[in-house]
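Here's the structure we're looking at; comments come further down.
Chain IDs A, B, C and D follow the sequence of writing; residue 1 opens each chain.
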């Protein structure tokens, strides 16, 4: 996409949203509010990806992170009695480690791309089609992502099995095992 | 959030300008006004966006009004009643009167609720609905945005609908609401899997994620529609789509989220006035959207059933309203499933069968056994 | 949100909390769509699983038994309308039978038949309302209106018969207030014919419906022993396999002249309670057809007295089978115009007591199903 | 007393096979369709969905039949059908006192109705006429207390009162519900 006044405005809007929501996510005391702020932050990131013509990445950001991760975080808050109202005070150690971590990430970013052009859009980029992504993902050569893709699938599968095992393991204390399908809702 | 929708608009409009789509009077006017054919400058974009927003708002409120009227009228006829008759001819203005009543009602917030989440929740469902409406191709030259990944966009946005229910139900500080919200979450996340598998089948068959291309791929007579073109698999996928979309819409027999006889209204127990009307409006806009997506994917969208008939938005409307009639018919016939049965239906029947159906369709396509 | 309550509320055996998840209490009612009036159920829940239910009653207590002591026996009849308002003919009949027994009043043949006809019509009417409400509690609103539509036809008949649609006040000691209106019997027979096809339609719409069967079969089981120990009667007891029907076992009026079956359930789950009621409607149609065929001419009421007095220290007792079960009336007299004490035994009280046995261990939605199949009328509990 | 934990020892699945007795319409088919106890794969995953879907379609057929059958509508549009709306003669609306052409009524102020009323709805206020005979002065009827049991009408030996057929009793003024039924004092 060509760099225009519009894209500049949008870039700064998204950046402001990301920074504002990110700050809110770590400072707000109510855990649910903080999850909602995180959602705003992720939306902003999706917007930046759109500006870079990475439609697929942007949509995956929304689908996986907002539609998946944040909803599960909110679900966990809802299921836990006191998380919404009981404020968890952060210790000084946590503050220090958090700031250090942020500084390290910033340094890494600067280190990786010190010559960044810092434009809001990437004019050379053509839109990624879904076929291209598909071919790339299933390409076994050095250019492809078949091995990472498979590794991630195995990882996710093992995570799912692990989660199921943990859930199963806690059950003997529970009383009714018959209708466990409904347990996910309760 | 809205901007992310409009971003592809500009790009696609520029790409897709072919002779028969380019001559819309409104588009000409905007182009003349801005004197910039690329559509990339700020003024034309702003005007475009304003027109789009007005169009979507007008369309969705009109749709909701018509659908509420239709539901009440049909419900009446299903139940040996007349339905609304007093307000306007055939009770057509009943929805408007109801809407007016809701707008004038006191916005009431329980004292112990959480204001931020309580007020945020009613805004979200309509936002999602507007975003999805933007990508539905209503006619050969009638669409707002045409992103390359339209179907993925829809599934991404559709997953957000449940967010409002979760937040609102927690913010209401009511045990019934919370229970409804949790049910909604579990239900929506589960049924989304089957829904996306239905989408995937169409992607597999047409090789496209762009909605306009999917519709164009079904041109010709009605046996070119995916429901018939994929022998067996298309029809099964359509039935699964109807079931899962009914569940996603939280309509009977899957309305455990509201379940007025158990949860006294579920997630919107504590909402009143305009906040409630937002949920209500979004529910009916979502219903239209689901039907329109179903018509687009399986029933050829705006294509006419026979080649000699002209294509146009009226076909999409007719097909969508046929699906909506199904939803209404379900609602006024069936009792409600229990939440654990609902989950069992999804994970024990729909999901495995969808996967099998997908494999089946894959075999059909690979062998070239399509009509 | 503070969902956890530390102290145990009255009636519960265990406090919420403990286990691997936190339990919590939920108030269903007194204002709740599925509690059929102002019944309050306090529920201890683990997620959606009901752990324990404590019913709280008395929200519309009107002290009818106390009021009865200041009203003459005849005046008391209209108070019995307000107990089980869905089977008020039967409750009227209960008091009338007790008065007839105490004051030694005879009933003409025709009046006996009229009583049977009216009571069985009312049983169908009450079960139709229950059928509709049951379907509505399970989420099927259309069935609710279908049930009310059929019920309306019988209600119209009652309106012509005694001028009222809900609080009939039609029976008197020694007969009825008025004779049957013209063309009444053919119309009843027409309704019977119509009901037969309607019941088949109901089977297709609700009884055979898969969702209904999934929601009711194996849900809310009340064993025979528990049903007996709770004192359940009527369709609830019969669904649990207790072969007890006042009409058969202690026939009042002329019920022993009619040929009808008492439907029984095997397991006592919600589906059995459902089928028992549906079958009872068919049996009522059978009784109605026999009664309409044999209806004799004659008086509709024996000689009227201005005041019916039960002799001093005379105790009179009657049991009738209402649409919900055994409704008994016990009148103690001190020889005066007003009774010394009237005690009503209402079926719903026992049924609500059994709800913890039926619904705990199932989901919250099943509690609604159980409540719907109990068919409670709350004013009958709160006398 | 069964505690809830004991109760769960009998899970819903332990459902005996036999179906209700004496149930003509339900016995054989229901027994065949009963899939609650230890269902086989075939019964649970193949037969049940098919039978279930068929049952759901049957239900939809019934509602569709109602939708198409316009004559099945039972709604009465009330204020419009006011002219044709008739109540049955026995209808118990409110207590009225019929008067003849000369405005005379049959009440003798015997107060039997007052005694018959369970709620104290009726007050009969007698007065003496010129011949020093007891006649009706005012017949006060408090409709707001009336339960429409019609015991007063049964008690009246002279048919002086009866239940009217009017059913539109709504009012905004509670005082208007206290009525004097006789037009003029009794003469007799």
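Criterion: a residue touches a chain if its C-beta (ideal position, glycine included) is under 8 Å from a C-beta of that chain, and two chains touch if they have at least 3 such contacts.
All values reported here derive from a predicted model rather than from experimental measurement.
Comparing the centres of all chains, each the average of its CA atoms, the largest separation from chain D belongs to A.
Set side by side, the interfaces A-B and B-D show unequal numbers of C-beta pairs in contact, with more at A-B.
Mean C-alpha positions place chain A and chain B at a centre distance of 26 Å. Computed centre separation for the pair chain A/chain C is 58 angstrom, with centres defined by C-alpha atoms.
Chain centres here are Cα means. That of chain B falls 46 Å from that of chain C. Shown for chain C are the residues that touch two or more other chains, namely 1, 3, 48, 142, 149, 205-206, 209, 211, 214, 361, 363. The residues of chain D that reach two or more other chains are 8, 11-13, 56, 59, 62-63, 74, listed in rising order. Shown for chain A are the residues in touch with two or more other chains, namely 84, 175-176, 179, 182-183, 185-186.
For chain C in complex with chain D, the touching residues are 13-14, 44, 51-52, 71, 74-75, 77-79, 81, 142, 149, 152, 159-164, 167, 169, 177-178, 181, 199-201, 203-211, 213-214, 217-219, 221, 223, 226, 239, 261-267, 269, 272, 275-276, 278-279, 282, 306, 356-357, 360-362. In the complex of the two chains, the chain D residues touching chain B come out as 45, 49, 56, 59-60, 62-64, 66-67, 72-75, 77.
For chain A in complex with chain B, the touching residues are 1-2, 4-6, 10, 13-14, 30, 32-33, 36, 39, 43, 46-47, 50-51, 55-56, 58-60, 62-63, 66-68, 70-71, 74-75, 77-79, 84, 127, 129-131, 179, 181-186.
Of all residues in chain B, only 75, 78-81, 112, 170, 173, 175-176, 178-179, 252-253, 255-256, 259-262, 264, 332-341 touch chain C in the complex they form.
Chain contact summary for the complex, chain B toward chain A: residues 1, 3-4, 7-8, 11, 40-42, 45, 114, 116-117, 120, 147-149, 152-153, 155-157, 159-160, 162-163, 166-167, 169-170, 178, 181-183, 185-187, 189-190, 207, 209, 338-340, 343-344, 347-348.
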